[in-house]
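What follows is a pair of complexes built around chain A, which joins chain B in one and chain C in the other.
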Partner chain A sequence: MPVIARVHEANARLPLLKWAGALLVVALWAVLPALASRSVTDMLVFTALYSIAGLGVSFLLGQCGIVSLAQSVFYGVGAYSTAYCCVQLGWPSAAGLLVGIGISAVVAVAVGWPILRLSGYFLALATLALAIIGHVLFLEWDWLTGGTLGIGGIPPLSFMDYQLNSPQRFYYLVWPIAAALLWFHANLLRSRNGLAMRAMRDAPAAAAVLGVNIRILKVRMFVLSAVLGSLAGSLFAHYVSFVSVDSFGVDRAINFLLLAVLGGAKTIVGTVLGALFITIVPNALSRFGDIHAVLFAACLIAAVIFLPDGFGGAIARLTARMRAGDSRS
Partner chain B sequence: MPALLEVRRISRSFRGLQVLRGVSFSVEGGAIVGLIGPNGAGKSTLFNIVSGFLPPDDGDIIYAGADISRRSVPDRSYAGLVRTFQTPQVFRHLSVRENLMAGCYKQTRSGVLANLLGTPGSREESRRMRRSADAACEEFGLTAVRDRLAGELPAGQQRLVELARAAVGEPRLLCLDEPSSGLNTEEVVQLMNALQRLNAQGITILLVSHDMDLVTIAPVIHVLCFGEIIASGPLRAVQSDTRVREAYLGV
Partner chain C sequence: MTGTLILQSALAGITNGFVYALIGLGLAVVFRGTRIINAMQGEFALIGGMVAYVLLNRFGLPLSLAFLCGALAGGALGWLIELTLVRPTRKRGASEEGYLLLTLGIAFAISAGVLYFFGRDARILPGIGGEGSQILFDAAIRTHAIWLIVISGAVMLALRFFYTGTLIGLSMMAASIDEDGAATTGINVPRMRSLTFLLGGSVGGLAGVLVSPLITIQYEMGLLLTLKGFAAAILGGLTNPFGAVIGGLTLGIVESLAVLTVSSGYKDVIAMTILIVIMIVLPDGILGRRLRRGG
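And then the complex of A and B:
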């Protein structure tokens, strides 16, 4: 068969393969809670929650060139808003969620406007400082957050008296939300603002010449990232029904950044893979006892060495190689 | 034709070193104007002031009748004043087509929310950007490489990408900083043709260059030396000016 005809045939097969692959993933996703244990489903719920919060960090890092260690603050704001509004004020879940998103957006503008003038390590340090300040405030403002005691008794999410009070039930809510958000971000990436942010990442001066207001775009993306963090925090609070300051420390902020780096911040699907890694691997290694932290660190080092673009980057490279191979054969 | 750009008595110093001393010149609408000068003459500083990357210590930049001396780079860009850089600043991790699509940023309006949701308007906008980018690829001979990452292209093609990206944004005044540096003779000819074609479409061009072959396309040339304009006029007249020969050509 002539080469050109083979290339056309390979290209024609691609959409079919894509659809078949997508269908397989959806089918697997749908039956997984029925097949897996409660603890595995619980881990998958956390994977989705971390994917949502991590998507914000990943998007900032991979598409805008902004290193943010502040996501734990917005995650905490979302969780505490939900906890306070639902438990102390008796408001419905949606109100708590919206309050969290509103506060996070305001904080992101107020903090982002001055600090997003910085770049590189200085910006990373400024966001780290924000994470530390946030953690201290969550601890000290015990009238609002319950301090070290936290806030318990957060009601599970419910729809028409159907309570999402088990990992299996929550799984079917949180994953579609995560998938929708990933899809929205894929849309954004292909749009004028997506191009503008990638242009800003590669050559800020040239992007400004094209009419992109760098500072405003950075602040907008920081707000978007904060909203994702807050949303994940609110869902987390409803899921675990108890929030305490331990969940919103600097280690959580580092985990979100780690997730973005491991997943490959330049690809959107990488966020989910990064979230899977940071939820599943530590759990799987915990059976080795005290040495599990060392083993996890070794896994991280191996991942960074062998997959410098993260899992998403590796998949993208592999796909490109397969396509090139298909075209040649 | 009235002046599109007027540079009025621009002065600028860095840590006590006076780089520009009351520089004044104008660029008529629809013209190609060259700005030449030896290294250290202040060309890049002047260019950065005109495009908004540096504020002047003194003097005004009048563009299309308005004082834009304190306006931001994006504001100037929206007004139609666009520049390129001495070292090509392509978006390295974007394809050539995406670079040119980004060049259409000013012609589009959709917000972040519409982009996230992928509204029909936002999708149509992306399609329009893609069509404009493809047309520009065709015009600048970049169609064969439009799916390649811009950062992987040789320097000559990166210059062309930068020029095409600036042109696709429909500027009124295109300021080009050493556009021929790093290009071979054939590429310089290609660049000259492209610039003349853009000028014929009504785009005014201000050209900073060391390349005497390239500046032949400019009917009017200003010579900058030690922060002052020492001669202005057609290339031939400028070349025969005694001060220019002493200061710039070294003869």
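And then the complex of A and C:
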């Protein structure tokens, strides 16, 4: 009896701790830009942008078992749509954003329908090939994208004459968006579709027998991921006000996949941790000079070997162990 | 468009095709022995080319010796990576994606390392037979390109013999097809895996030294080379060395005809589109399943 009572007690204490923790995180988040320097805030804005785009990749990988190295394409489509619509056509920001999302969704259906029947290495390499195709097209279609010169002078986002033209101001826009999307995905995970996805990932044949239309579900998830990529790309274009082909290379696609893997694709919060890693670590390493790229790659290799299910997975295991320890004592 | 022009570009395509075939052969070697798609195959070529360049220009070694050392450097690197990185990953039970990310990460590290130590400059090696070229009908082909084709063909035949006619080649195959069975017959499975990477790395290094007189070597070249080699290997059915050559040639010729008819800027788009289409339509390669297992 006492053991069970203690378990109940521990369980009752846990939500309280959770709320307190969440409150602390939110408070910390709110005051951070006031305390941190401009460059740190800038880095945190990028963390949020990468979290949004990376969430698409992470969700595909962790819940559907789809490896996507093509997120840089959708990130680029979003950024160029915003740049072209706002600068060349003079349309409002919302139009650019929606055009980007529309094009990305159409491309995702057109490309996803044929390639999502592949799996494993083949799918990964097919999406990597897509990233290369996207990069070349961004470069070659210079009438649309400005080629290597890029498109500059993209106006900052503004709400009723209040311009989001500093990292601090943008920070307070982009993080709530990222948080809302994370929350949406956490809910999606618990929905009927979420269950169908995990069934499809773990036992495709069984899922098909139970009436899950695997092909359509995969394409839908791919479209959702593309939309997230495009949204992040549009926000990125507004934030930096200049886009060029260098931002949408294969290395960006690989970074998005790496953040998903590092963060732990099976957990939603892991994405943010992964995004933090790929923005902060290269920055911190850059004071070692030119060797920082080698060091960063070494970190990645170490993470792949030692944390196969990422930071999120490591934390989940740790809390599970703590909880088990709590109930045993 | 004259006949000479078409012939000229076809010859260029054939030369490139053999380069892709060599990379594809290396990928196929690693895949056969370990069931890993090695995303750093192009980096083996990069290292092979760079080592040959340094030995030639800084230490004044003769060309043939520098080429040999370049190929061996690729092999040594492959062996080292298997021992220090791939083996621990296997012990922790990695998935396909895990291996892909691991090899991609290593490819990054190698590329960044080359950038750090050698800079951004593109380098070029002198070819076998110098700058000389042969006239074939009306078109010219570099003497080195002919050597490249001959050596690639020899490597293909040697690999075919290696896997069907030598004890060690058969042991390697056995170790990858049935790990436990191979171990019970006394095959040292981990050693076979190391040897697989040694062999794959050497083929990659050889590709590097053979390609660097034709196209410049530079820190970024690895990934695209890997993908094109993969396209060649997939076209041929991944495990068949003969197939990699057919696949490489198809890819090379289509690519160079595309340059002729469309635009050189879209060369990689066309190659990558071919890769995607082949994977979807012909997952067993153009030779089909019947020839896939053989040789």
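To be clear about the criterion, the second predicted complex is superposed on the first by the 328 of 329 C-alpha atoms of A that agree within 3 Å, B and C clash if a C-alpha of one lies under 4 Å from a C-alpha of the other, contacts with A are read in each partner's own complex, and residues count from 1 in each chain.
Keep this in mind: a contact is a pair of C-beta atoms (placed from the backbone, for glycine too) under 8 Å apart; a residue touches a chain by one contact, two chains touch by 3 or more.
What you see is a predicted model; the values in this text were computed from it and never measured.
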| item | value |
| --- | --- |
| First, second, both or neither for A:L17, with chain B first and chain C second | neither |
| Partner chain in contact with A:V250 - chain B first, chain C second, else both or neither | second |
| Chain B versus chain C as contact partner of A:V106, first or second or both or neither | neither |
| Touched partner set for A:L149, first chain B, second chain C, both or neither | neither |
| Partner chain(s) touched by A:A320 [first = chain B, second = chain C, both, neither] | neither |
| Partner chain(s) touched by A:L258 [first = chain B, second = chain C, both, neither] | second |
| Touching partner for A:G120 - first (chain B), second (chain C), both, neither | second |
| Chain B versus chain C, judged by how many residues of chain A each one touches | C |
| For the chain B and chain A complex, residues of the former touching the latter | 51, 53, 72-74, 77-78, 82-85, 89-94, 98-99, 101-106, 108, 110-112, 114-118, 122, 125-126, 129, 151, 162, 165-166, 169 |
| Chain C contact footprint on chain A (complex, rising order) | 61, 67, 114-115, 117-118, 120-122, 124-126, 128-130, 132-133, 136-137, 139-140, 250, 254, 257-258, 261, 290-291, 293-294, 296-298, 300-301, 304-306, 308 |
| Residues of chain A defined as touching chain B within the complex | 184-185, 187-188, 190-196, 198-199, 201-203, 205-213, 220, 224, 266 |
| In the complex, chain C residues that touch chain A | 37, 85, 88-89, 92-98, 100-102, 104-106, 108-109, 112-113, 115-116, 223-224, 227, 230, 234, 263, 265-266, 268-269, 272-273, 275-276, 279-280, 283 |
